[in-house]
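Here is the structure we will look at, set down as structure tokens.
Residue numbering begins at 1 within each chain, and the chains themselves are lettered A, B, C, D, E and F in the order written.
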Amino acid sequence: MSSDVLIPLKRIEIVVDEDSVEKLLDLLHAANVRGYTVIKHAGGLGSRGERRPDDYALQERNALVILACDEKQAERIVTALRTRLKEFGGMCLVSDCNWVVGASGSY
Amino acid sequence: MSSLLVPAILFFALGMFACLIKSDLKFPPDMHKMIVIYLLVGIGLHGGRAFINSPIGDALPAVFAAFGFGIGLPIIAYIILRGVGRINPLDSAAIAAHYGSVSAGTYMTAVAMLNSMNVTYEAYPVIMLAIMESPAIMIGLVLAGYSRKIMGGAKKGEKGMMGHLVREAFTNGSILLLFLSMGIGYVVSEPSYHKIEPFFEGIFMGVLCLFLADMGMEAGKRISEFKKVGVFLVCFGVVMPIIGACFGMLVGHYYLQYSVGGVTLVTVLAASCSYIAVPPAMRLAIPEANPSFYLTLSLGVTFPFNIVIGVPTYYAIAQYLAGQG
Amino acid sequence: MSSLLVPAILFFALGMFACLIKSDLKFPPDMHKMIVIYLLVGIGLHGGRAFINSPIGDALPAVFAAFGFGIGLPIIAYIILRGVGRINPLDSAAIAAHYGSVSAGTYMTAVAMLNSMNVTYEAYPVIMLAIMESPAIMIGLVLAGYSRKIMGGAKKGEKGMMGHLVREAFTNGSILLLFLSMGIGYVVSEPSYHKIEPFFEGIFMGVLCLFLADMGMEAGKRISEFKKVGVFLVCFGVVMPIIGACFGMLVGHYYLQYSVGGVTLVTVLAASCSYIAVPPAMRLAIPEANPSFYLTLSLGVTFPFNIVIGVPTYYAIAQYLAGQG
Amino acid sequence: MSSLLVPAILFFALGMFACLIKSDLKFPPDMHKMIVIYLLVGIGLHGGRAFINSPIGDALPAVFAAFGFGIGLPIIAYIILRGVGRINPLDSAAIAAHYGSVSAGTYMTAVAMLNSMNVTYEAYPVIMLAIMESPAIMIGLVLAGYSRKIMGGAKKGEKGMMGHLVREAFTNGSILLLFLSMGIGYVVSEPSYHKIEPFFEGIFMGVLCLFLADMGMEAGKRISEFKKVGVFLVCFGVVMPIIGACFGMLVGHYYLQYSVGGVTLVTVLAASCSYIAVPPAMRLAIPEANPSFYLTLSLGVTFPFNIVIGVPTYYAIAQYLAGQG
Amino acid sequence: MSSDVLIPLKRIEIVVDEDSVEKLLDLLHAANVRGYTVIKHAGGLGSRGERRPDDYALQERNALVILACDEKQAERIVTALRTRLKEFGGMCLVSDCNWVVGASGSY
Amino acid sequence: MSSDVLIPLKRIEIVVDEDSVEKLLDLLHAANVRGYTVIKHAGGLGSRGERRPDDYALQERNALVILACDEKQAERIVTALRTRLKEFGGMCLVSDCNWVVGASGSY
């Protein structure tokens, strides 16, 4: 596909405690992010053991945040996020992706 | 025996049976949460109403007893877990905290049984129900701190955690709902209360049945985790409520001097252990402890034991004590 | 006509109307599940109570009739679907199984109508309701096996599937809930039952209204799939309940010799088709069959037909038969 | 003062308090939706029943008043927002539309208060409740169109939007549920209605308590957004219901000539603002407007004001007016 | 990992209004797509501001559709989707991935 | 971004029947996986037709499992998973990603 259809961007995927998601979004807003997608009620396994959203008594939940942005923005986000990731509890992955031109450019 | 044929207990058995034969019966998770909210408000309102005719000053001994149970029983549990079972200190602290607290489900089942036999009871046990969660969480923190000291490694940032958990112990949604509903039940006028009675009292016992069916399924699920938990802990989950029950019986009969119904309820409070407010508090306070230990004990061992064997037995003994004078 | 002005039926119409004018009215999916759980327990308890005064031995003919319907009607349906409609064998098997089973919603609507006219009915139809799902699933499996044989290709691993589905037919959550609640209703003492009656009986008819409003919306949604399903199947969805009703009427009146109310209920059982336990069982057992065929027929054609036209008509005919003596 | 001790209002305070002390108390989102569905059907049925004994012709003045409020109040609100507050035109239009509509929660709280004091009221205000949402959405559209014209840029595709929203104003699930339930309440026979009364009337006031507890939590959450909204808008959220109340009082007392109870309800309708049907309609119609403005005003300012201060005051003034003759 | 285990494909990730998801799936069906995964109840930020599925009054929801397909198919989908993405409200990302052979080949 | 901030890993994305997710997680635990994220209540289209979690009568659900791990681990997982994927019903995608250092290293 030609380059006027696809714009190469970075895809950032963050998993945090659902309770910390507001703080994460504040951090993203502060970094002038223009778009993201949030999926709540996720479970998982990590350094703090298993987290199960359907558990009868504990109901620990993660939230998954996906965002596409340009390389520079990505660097800014990663830098801001790194130090706070422990507090939020979770992980952050970065990979390459291509934005399909046509949608309003909220990246 | 016939006291086992109370619908609430039968529905608990229904849920457990469905789970054990691996039926696909499952209640939506939100249904459980909604029922808990409803039941807590219902107990609270009812409890608050009962206070209108009971001098509040007389509640003081019940409050003392509640604090006594909340602090004393976890310490006993901790000593047994460490001394007899050689359980890891932090796991011991987390488990112990649960036994200082109470199970609202067990309490309501006991109330259902008393009601179905037309046995009256005092207004004060419900205030103990509301109070006992908080000291149990506190003492859990203290035991965890002690455990960390003897293990040599203090967790950093623990002080902030302490403040956080003290707040949690008092702003926990379930405790708050119970307390505030009690207040509302106390202040509303009689005609006002009559308008909301059909919802909060009329259908209460029926809703409790669905709650216990759900608890039965959960208890059944936990049974498969007995192996992971080990023989000692499963036994502890039966012995500890019996120890608690002994204290409850003595305190209820000799110190508080309640009627048969009241003694039964005080015993249930001492013998039961939390599965609502304490587990998330311990998960936060003692992340190193294995949650499947305390949850399996609380939901899979002690709760079913109390529902099926404990409650009717406590009532029988309370009757015997009353007969002794 | 006035029998159509039963609130339950009006709420069904409300839901269907809302869907047809493309309103954004929508009930949360969990609400539906919670209401189904509540209604099944309610029917079960009520049914169990009714047995206390009805000798259980007298239930045997009803059990026979249930098995007869559960096995016979799917075979008739399969023959019509294959012979007249030339429907693909596996689709035919899946659809046929649904018609051996019953619709709890239709049954409750009929009960609501009879209650609102103060018509009494026997205790036994409710046990037929609980029984009929299982043989229908079995016969669906048999028909599917036969279909696969005539189509030449046996699905491998089918034997494990068979065992799985036989288990499913007996451990299905809905069937279990109904059966066990019936047992509980039968054994609990009168004063105990009185405590839970306001919840499981007092508000039952009101909750049923919300259930039917939800069913109405679902039925309305399915209407848009009539085109995909084809004229023959839509007609089948009206004709098959009429055939079932004829058998139900004869069995209810001549073999079981029930009252007008009882005959109406037996007819409804024979005429209605499942949308709770059979669809997931067929999806698992006959994955090659197109689910939109059997779901559209069950929820979009037969259910509305029975609610709006069937139930009042069956009642009228039952009255006529009773008049004939 | 004692009128504040109505359980519904106390539960609102409970929810708000829990939120303000940052408790983790939270009701599942579906619980809120289910309660709203239940309450709307309950109001509708009850309203429909009331009409059986009230000549429908007499409803005409109430309908006129409803249209008058629905159209007049948003225009007043828009003028104040633009003229006094210099609020951006599209935000003004979106906010204004909310004040033409009504809050079912406030209405039900007023009904609960009147019931608990055994004050009777006319059957007609409930029809105003059902009617007022639609003209408010319409006038919101008109104000938005006007705003866009004075701002110079017409949004393209707006015509399709217009049709879409006119449909929405009449097929909105909540409005439909209310209207159709009213119809059902009107047509069902007395014995049929008695069967569903325990659910839709018996437990209504109790369910309302849980609804208001939930609303209290939501209102509490919105208070933290007061800063973003600004002093002027927060004041507007208090002044506008007072202005609406004045009109409501005058119309209810002099034009409709209702009893004390009826005047109170008409006043509540005029003074309250929507949080069910209008917000999503405005989000769609005026995407440029900031939702946190209208939601904070509606849920965080006007609703609590009406519940805690408004309703008892309106009742007191209605009593005074009635005393004047 | 050898090429008989992994088949290189394109991974398309689409976020749309939950209300538009049926229309999007129709579009995918029309393009002869053989597999996709849909996650509903997502929230997000984009050109139309924030969308929160848990909000008390508004409850705006996004749906995330993930699909793996070969390059040609991807091109067809992107072409068909581009012009309609504004109507659906949302975004579309394309990246590389490898399909693990063994699952029935629904790509 | 420099290599002390980003560690190149494999990103594995698995979709299975929600009923099989426990078995899948057991398989992952057996492969010594140290972290994953689970999203339930997903729908989708595949070789067995459409699966809709919101359906009135059937309610078929998928679960999406995302996990980041090093190349070797990924190979082990893919090998273990391949033969059982049919039983679980679903698919498995593998792609490249970078783990942002800072989170506790649960990969």
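Methods note: contacts are C-beta pairs under 8 Å (C-beta built on N, C-alpha and C of every residue); 3 or more make two chains touch, one makes a residue touch a chain.
Just so we're clear, the structure is a prediction, and the values are computed from it rather than from any experiment.
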Set of chains whose contacts include both chain B and chain A: none
From chain D, the most remote chain by mean C-alpha position: F
Chain whose Cα centroid lies at the greatest distance from that of chain C: A
Centroid spacing, where centroids are CA-atom means, of chain D and chain F in whole angstrom: 47
Chain C and chain E, separation of their C-alpha mean positions in angstrom: 39
Junction residues of chain E, two or more chains touched: 39, 41, 54, 95-96
Interface hub residues of chain D, defined as touching at least two other chains: 30, 198, 202-203
Touching chain combinations (by label order): A-B, A-E, A-F, B-C, B-D, C-D, C-F, D-E, E-F
Residue ranges of chain F touching chain A (in the complex, touch as defined): 1, 5-6, 9, 11, 25, 33-41, 66, 68, 95-107
Of all residues in chain B, those that touch chain D in their complex: 30, 33-34, 37-38, 41, 167-168, 171-174, 176-177, 180-181, 184, 187-189, 191-193, 195-200, 202-203
Interfacial residue positions of chain D with respect to chain B in the complex: 2, 5-7, 10-11, 14, 17-18, 21-28, 30-31, 112, 115-116, 118, 198, 202-207, 209-210, 213
Residues of chain C that touch chain F when the two form their complex: 29, 32, 218, 275-276, 279-280, 283, 287, 291, 295, 298-299
Residues on chain A engaged by chain B in the complex (per definition of touch): 48-49, 54, 56-60
